[in-house]
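Supplied in structure tokens, the structure appears directly below.
Going by the order they are written in, the chains are A, B, C and D; count residues from 1 in each one.
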Amino acid sequence: MSSEPGRVDVEVESKRPAEPVDGKSHPNTCPECGSHYRDDELAQSLHVCPQCGHHFRVGARERIEQLADPGTFVEEDEDLRSTDPLGFFDLRPYTERLAEAEISTGLGDAMVAGRAEIEGRPCGLTVMDFGFMGGSMGSVVGEKFARACERAAEDGTPLVSVAASGGARMQEGILALMQLPKTVVAIEELHESGGSLISVLTHPTTAGVLASFASLGDVTLAEPGALMSFAGPRVVAQTTREKLPDDFGLAESSYRFGHVDAIVQRSELRPAVGQLLRLFDKG
Amino acid sequence: MSSEPGRVDVEVESKRPAEPVDGKSHPNTCPECGSHYRDDELAQSLHVCPQCGHHFRVGARERIEQLADPGTFVEEDEDLRSTDPLGFFDLRPYTERLAEAEISTGLGDAMVAGRAEIEGRPCGLTVMDFGFMGGSMGSVVGEKFARACERAAEDGTPLVSVAASGGARMQEGILALMQLPKTVVAIEELHESGGSLISVLTHPTTAGVLASFASLGDVTLAEPGALMSFAGPRVVAQTTREKLPDDFGLAESSYRFGHVDAIVQRSELRPAVGQLLRLFDKG
Amino acid sequence: MRLRERLSKLGGMKLLRGTKLTGELERLQDQLDRLREEPSAEEIWKSVELARHPDRPYTLDYVERILDDFFELHGDRSRVDDRAIVTGLGKLDGRTVVLVGQQKGRDLKERTDRNFGMPYPEGYAKAMRAMALADRHGFPLVTMIDTPGAYPGVAAEQHGQGGAIARSQAAMARLSIPTVACVIGEGGSGGAIAIAVADRVLMQEHAIYSVISPEGCAAILWRDASEARKAAAAFKPDAAHCLELGVVDAIVPEPEDGAHADPDEAAELLKAGILEALGEIDALEADERRRRRREKYRVMGVLASA
Amino acid sequence: MRLRERLSKLGGMKLLRGTKLTGELERLQDQLDRLREEPSAEEIWKSVELARHPDRPYTLDYVERILDDFFELHGDRSRVDDRAIVTGLGKLDGRTVVLVGQQKGRDLKERTDRNFGMPYPEGYAKAMRAMALADRHGFPLVTMIDTPGAYPGVAAEQHGQGGAIARSQAAMARLSIPTVACVIGEGGSGGAIAIAVADRVLMQEHAIYSVISPEGCAAILWRDASEARKAAAAFKPDAAHCLELGVVDAIVPEPEDGAHADPDEAAELLKAGILEALGEIDALEADERRRRRREKYRVMGVLASA
């Protein structure tokens, strides 16, 4: 995995990196078993390796296609854009990184939000995209999530959140940290209105996103192999000099330690969310 | 320690039994260091061994004298007595055991309740007596505690509870178990009225009493060396065949594991409770 | 003399409660007839044996028969997923409820995995999480009690078994939602009451509910664990006595020969009992329902004046 | 151009908040004067150094100077007493408050014992217990934030560090009582915000409050942890910037040369700030106070439309 400048707090990394070819593994090569696929094969299999079950990352748009009933997703707040409140400049200006991310992903920021139906049930839907600056959360992600909570409360529908994030976006400084309580209070208000939140954690969901809205679902689902630690494995290893367990921070470990209600294969995610929408329907 | 027929669920025992003299150690001999004292010496030292600090058990009346400002304690519900709802008969009838306990302790049951002042602050006070059938909780103990909660709510004073119990009184069968939720709902009502509960755990506080009112204090204090496990060491050893740690279930262990706010020497108990009464005064 | 009459002669506070029976009419009649006489020591011991019968339906056996769309929830969000306690969401006759129940294992492997239905403190934390979820969403809570008791182990004590049981009861005393507890097997002491503080407590005909196990009581009072039959006869953990003492609100009949003889029928009867109980408490305002729940426990016990 | 003006030109939502300063009048004037200019990179780094100064007063140094009759409360009622978090009851000007604060150690032994002020999830559980106590009794909550961050260790992760931080924020968002958070040293990321969701957030003049440590930021963006000064200058963790961005409600002045130069004076100033903050929120109805607290966080951030 290449380094992502949007990441904060953690060094997200695969625990089992593929053998790089020409110094860099092809995105369609399975890092678990080395099988290689055409784009259409991977799309067909929901980006799950048919050989070994490895869950590749999927972008927000594709995730929505996998999850929502065809033609039901209506995006909201598409126009929101990050600004550069601090005039942040490291080796490159933040504004340049933003522009580049928008061009490479076609997204305005690291979250796509809207309304959808899943298995015939209306819901709010927010999906993060790790491709946009490591899925980092700045003011736009926080605002989109908070508005999605408000819409869900208004609509009387559950909110389904699919997270994929390296944490808060440090280029927005302390305001990025403030997106943690911002999303948290939004969920509190949603809950008080009688609403519900189904939280899906995908690889990776770490740091500020794990420490806020992703952990506050009424039900928490995770995809197999998803890293879901607050601090990343590299930081933990460096700070503590402890030997990390092989499944450090992965969904399977988190499930054992009581943090996840269910680990759900991607092919089962839509029926599982559909079932939960039926259960949380207060019609 | 001789076997106490009132005990339930646990076999209460000292972890460090004294060398018995003529098969039985004298109650004024310290089980820790073997020092022997006259009655007046022990009373003078609050029944704490001046040599080694071992905390001897004290009866309810003496505890009240140690804790309450002189002349301030006014007993309530002194007339409540256990009946024998099940016609319980083991090797001896329950009624006979009750009569014997009343004669030997001078108490109507295993708890004395009333109003008092401590360091000049009015409070409710309930004190258990292990000498009455192992401090076991039946309908009378539950009722006295519940009424004490109601009085405290009415008076607008905190309630101070001093526990010493082997658990629920099995001679009252399932009704003894029901004293757990009975005392628990009484505390809920006390809390909702704005009242507070200061819970003091003395040796031993186990089983049904630990699993109900003794664990629900706003602040939890314990005397040094007090056994405060749900299951007694003997039961745990027999059931699990695990080797028990030396301080199994003792206050010091419970403090380390996060279950106790402070371990308080008996000589410091009155000032500590006084301080807490000042802090919980909503005057 | 029936227990009820004897109690009424004991003087002191009047603390007797529910006598309502639930289930099919003819069974109800049988039950009433049988209750005219106090269960004998033999009948009590039969219930002890049936309550512990290795083929007796456990929580998940009822869940799969009673609830649709069951979605199991796992973990205490802190340390572990205690498998002696099952929690989840499901539809009961089309309505979402939250289920919390102790779960024993059927074979040796599952028994170990479920710790013989004996929860750690973490199991009660898991239960409290499910209760909070139910309360937040107004889903009724159904609990199923089937445990020899809370686990008496070193780690369980270190993690605060007593406090966990106390807090779980307190949590149930606070709930705004309708709550129904079902004693379906062994209602073992503190481990049971932790999830049994409910608006309505149902007890299956051959379940037991007690302050201590017969063996534990015998070991202490008779100094001989093998005197368990005598102990059971003395402290009376059977459903009829629990009903008479006002500790449970209704007895749910079982198939002839016990629930294990026909789990489907047992489940149907239990479901009917839960629906009936919910029907009684559904219409109440939350505050009033909670007030009555607390009042029910507040008056439990029998005592006298000197 | 001052940050505030630049922000107002960025368009998008107006998300700026408090500019109130607290403290003695002359200091206030100094402070206002200084705020006319944006702190320089050097001034920011000076605050980083002062915030981490080994002699800087820690939570308990303020507790002993600000609170009377302090009674420390220990333990999470589950596994441990996390000594990186201090909780307790005390009298603030005669009124009982609950205190929750991170605590660093002064010497090597205490540093280890306090885990350098880095809580485990159990520390946040301990904090939440104190918050619940405060809420139950209507005692105001005062928190003191001084941590490099939540502890990044294997066990901390296994016990749910992320979830604990999230739940602690949610707990603070629910409280009915008045709440004042004081950033007194290092306000390190998620570990800090976990106990900083308050009606009023005060920040000492030379405290820092940030989304990541300067070293961590430098390591990621500059690929060189020694570029920490540059990183700090870029993400601006100083009090003036936090005030400008509406993240804190007031700056509490420190003695000349920093709080460590005169802990008594620093404590007096902090106490005055807390009392002033409490005075502002005391009179509000609980619901209204909570509504405003949530609204404050709801609008934090700066953004634009495409």
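In this section, contacts are C-beta pairs under 8 Å (C-beta built on N, C-alpha and C of every residue); 3 or more make two chains touch, one makes a residue touch a chain.
Since the model is a prediction, treat every value here as computed from it, not as a measurement.
Once you count every C-beta pair in contact for both, which comes out on top, A-C or A-D?
Pair with the higher count of C-beta contacts: A-D.
Distance from the CA centroid of chain A to that of chain C, rounded to the nearest Å?
One centre to the other, that is 42 Å.
Counting only Cα atoms for the centres, state how far chain A is from chain D in Å.
One centre to the other, that is 28 Å.
Based only on mean CA positions, could you tell me how far chain A sits from chain B in angstrom?
Each chain's C-alpha centroid was found; their separation is 53 Å.
Nearest whole angstrom, what separates the Cα centre of chain C from the Cα centre of chain D?
About 47 Å, centre to centre.
Hey, what residues on chain A touch two or more of the other chains?
257-259
Quick check: what residues of chain D touch more than one other chain, meaning two or more?
77-79, 158-160, 163, 167
For this structure, enumerate the chain pairs that meet the touch criterion.
A-C, A-D, B-C, B-D, C-D
Report the residues of chain C in contact with chain B in the complex, numbered from low to high.
Within the complex, chain C touches chain B at residues 3, 6-7, 10-13, 150, 152-154, 156-163, 165-167, 169-170, 173-174, 189-190, 192-194, 197, 209-212, 216-217, 220-222, 230-231, 234-237, 241-242, 245, 247, 293-294, 297-298, 300-306.
Provide the residue numbers of chain C that touch chain D in the complex, in ascending order.
The touching residues are 77-79, 121, 125, 158-160, 163, 167.
Considering only the defined contacts, which chain B positions touch chain C in the complex?
Answer in residue numbers: 3, 5, 7-9, 11, 78-91, 108, 138-140, 142-143, 146, 168, 170-182, 184-189, 206-208, 210-216, 228-231, 235-236, 239-240, 242, 244-245, 248-249, 253-254, 257-259.
So in the complex, which bits of chain B are touching chain D?
Listed in rising order, the residues of chain B that touch chain D are 191, 194, 196, 218-219, 255-262, 272, 275-276, 278-282.
Under the stated contact criterion, what part of chain D meets chain B in this complex?
Residues 69, 71-81, 89-91, 96, 122, 126, 133, 136-138 of chain D touch chain B in their complex.
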